[in-house]
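All chains are identified by letter, namely A, B and C, in their written order; residue positions are counted from 1 within each chain.
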Amino acid sequence: MIEFRDVSKTYPDGTHAVRDFSLQIPARQITVLVGSSGSGKTTLMRMINRMVDPSSGSIEIDGQDISQVEPVKLRRGIGYVMQNSGLLPHRKVVDNIATVPRLTGVPKEQARTRALELMDTVGLDRALADRYPSQLSGGQQQRVGVARGLAVDPNILLMDEPFSAVDPIVRDELQQEVLRLQSELAKTIVFVSHDIDEAFLLGDQVVVLAQGGQIVQQGTPEQILANPANDFVATFIGADRGKRRLSVSPATSRGDDRVLVDAGGYPVGVISAPEGRLAVADAGPKSRSVSNKTDQAGDA
Amino acid sequence: MNWVWIGSNLGLIGGRILEHLALTAPPIVIGLVLSIPLGYAASRSSVARSVLLSVGGILYTIPSIALLVLVPVTLGLAILDPFNLVFALSIYAVAIMVRSAADAFASVPKDVVSSATSTGYSGWQRFFGVELPLAIPVLLAGIRVVSVSTVSLASVGALIGIDQLGSFFTDAFQRSFLTEAIVGIVAILLLAALYDVLLARIGHALTPWTHQQSAQTAVLRLASAPVGGDS
Amino acid sequence: MNLFASAIAWILDPAHWTNGPDISAHLLEHLAVSGLCVLIAVVIALPIGIAIGHTGAGRGAAILVSNVARALPTLGLLSILILLLGIGLLPITIVLVILAIPPMLAGAYAGVESVDRQTVDAARAMGMTEWQIIARVELPLALPLLIGGLRATALQVIATLGLASAFAFGGLGIYLINGLTQFDFTQLLAGAILITALALLVDGLLAVVQRFVVPRGVAHGRSDPNTPPKRTPARRRRALQEGMQS
């Protein structure tokens, strides 16, 4: 579990990126921080691996205050996937994936073998192993980025708008890939996005942020969809303009399961509640799953 | 430092400063004027670019004393003719400046150029109305480099007997008189700084769209001015 | 053209390659002193340039120093230092090193600075130490521009060393000075051709090295491996302008 306690970040020029932010991020789930630019979502995420240090407050990972952990050591144990992949352009795909294990002293052959396995894991053809990043498509680069993030088998994976620069079709594929990976690997994933659809699709827990890291609403997608906390959230999720792609359809929902429908009223997925009740945000690890058109066989 | 020498030779120093100015201003202007069409050509065609930049690179490698003597020999001028120095410095100026000019025109955003074309600018209108103005910041950076190196390079003319601030260096060496050399160096640095400030000012005046803050101040001033009255 | 032909003939004349301090001796001297000066300049400028590029601090100071150094007339510096230190290799070396530092510095920091900040950020987020970032990410990716700076430096030093012959130094400039004082234009042109040829030869060799060291993955993406050295100031300036805006 990752816990933010009264965290603030003020830059030397006086701007408050984040003010008095507190949040518990449950283990082995996907938590999406969603908000528009200026909401401090990326700043908050980068505090977890000490790319940014808070001005005040503390952050704990499994009860340990991370300000006591040496940043380089901390970062080597946390996977990080970023928007433009951030791959090293002068290294082959396989060497990019093996970067961190090599840094921590894993022998070259072993690191490469593991990297090739990871390519399978993220759905990359091993034939691409000896290519350079510039020879890959944007979607392939992001897969390499994910594989690299998983290379040290970290408990925590930070994903900073990883799919915002790829085209919508590839983005859909990659999002499904994350859900599939998560169902196999069950990492603690902190995912930053400005796309509310992405947040609802991926998040076990969604945290809607306003200016300065202020939490406007947090909860499961269905909670937020069903009861937007205020006008800000309603506007943000587009409910007020009927723009919302997905919403919970009370008409077609049976029992404790809820049916998600798109703007045209067509069902696109089921939010299942296997234990006979809808999971709530603070219930710890749970087994909510979203199934939809493209991935119906996988879950439930 | 021999201050007495400086005091009694102010006329000489002033004269050589003026000579230095007269010898360096034309090459800077010529470098700019010639490099604009050449640089534009280089930005439009990769063949022109590689030819012009290679020639520029080779010209720049020719040792300056050699060029200073080769110019009169090739042009059939007297070796002491100051025009030789102007000509040689112009060659260096163009050689350096072509690259900057090519970069300058390449730096103009392509979408701006194509939107100008699609709104009906003719070729010449587009060049003078869009491309040239937008190339100014990089052109300016280039011409500032050229002016500084021209001022410093001109001193080599002293080796072939063309009088300017560099003559203080050869005199100082022959007479083992340090003061003269220091005077020469200080004067050259000041002259270089003068050109630099002057060019920066000109560039600033030519590119009002690049200074946002003063534009805002201007708007504020307008807003706070009494409307319709010059009372 | 006649003059050119006679200058070439002068260079090829076996007599000029055999007797006493001949062309080969002057060529070696020119090359050795140029090499020494470039080496010293690299040792001084490279770490500073890398530090500036890596931290982003001190850019203003570096530009100022470079501009002042560019304005310093070689002839003036030579005459002052020779008057102070006496005729010899020391003042000549000092002057050429002063001259050689700015292009080397610019190449080093423009190179490091040109590395995509996202790549550096990712490297840091993965847990690379600052030294690892410099050695494994920034330096390999900076090499093309860095060697570009080295080419500019070598060109400048080789061409300018010719001036030192006016102050009792040998080197290839001796033919320029002799030609000048004896009004022997053939010899003068021959000297000019020799210096220019040496400079272009060294530049060509470094260009090959440059092509060779460009990281493979970068070769067909980002920067033109042939990036000519003198492009650096304009590039750096633009990089700076962009940096200030963001």
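General remarks:
Keep this in mind: a residue touches a chain if its C-beta (ideal position, glycine included) is under 8 Å from a C-beta of that chain, and two chains touch if they have at least 3 such contacts.
For clarity, every value in this text was computed on a predicted model and none was experimentally measured.
Viewed as a contact network, the protein chains form an open path, each link joining two chains that touch.
Taking the mean of all protein C-alpha atoms as the reference point, the chain centroid lying nearest to it belongs to C. Rounded to a whole number, the gap between the C-alpha centres of chain A and chain C is 49 angstrom. Inter-chain spacing, taken between the CA centroids of chain A and chain B, is 54 Å. For the pair chain B and chain C, the distance between C-alpha centroids works out to 22 Å.
By the touch rule above, chain C contacts chain A in their complex via residues 116, 118-119, 121-129, 132, 136-137, 140-141, 215-218, 220-222.
Every residue of chain A that touches chain C in the complex is listed here, in rising order: 46, 49, 51, 72-77, 80, 82-92, 99-100, 103, 132-135, 148, 158. Touching chain C in their complex are the following residues of chain B: 53, 57-58, 60-67, 69-70, 73-74, 96, 99-100, 103-104, 107, 137-138, 141-142, 145, 148-149, 151-153, 155-156, 158-160, 166, 168-170, 172-173, 176-178, 181-182, 184-185, 188-189, 192-193, 196. Of all residues in chain C, only 3, 67-68, 70-80, 82-84, 155, 158-160, 162-163, 166-167, 173, 176-177, 179-180, 185, 188-189, 191-192, 195-196, 199-200, 203, 228, 230-231, 233-235, 237-238, 241 touch chain B in the complex they form.
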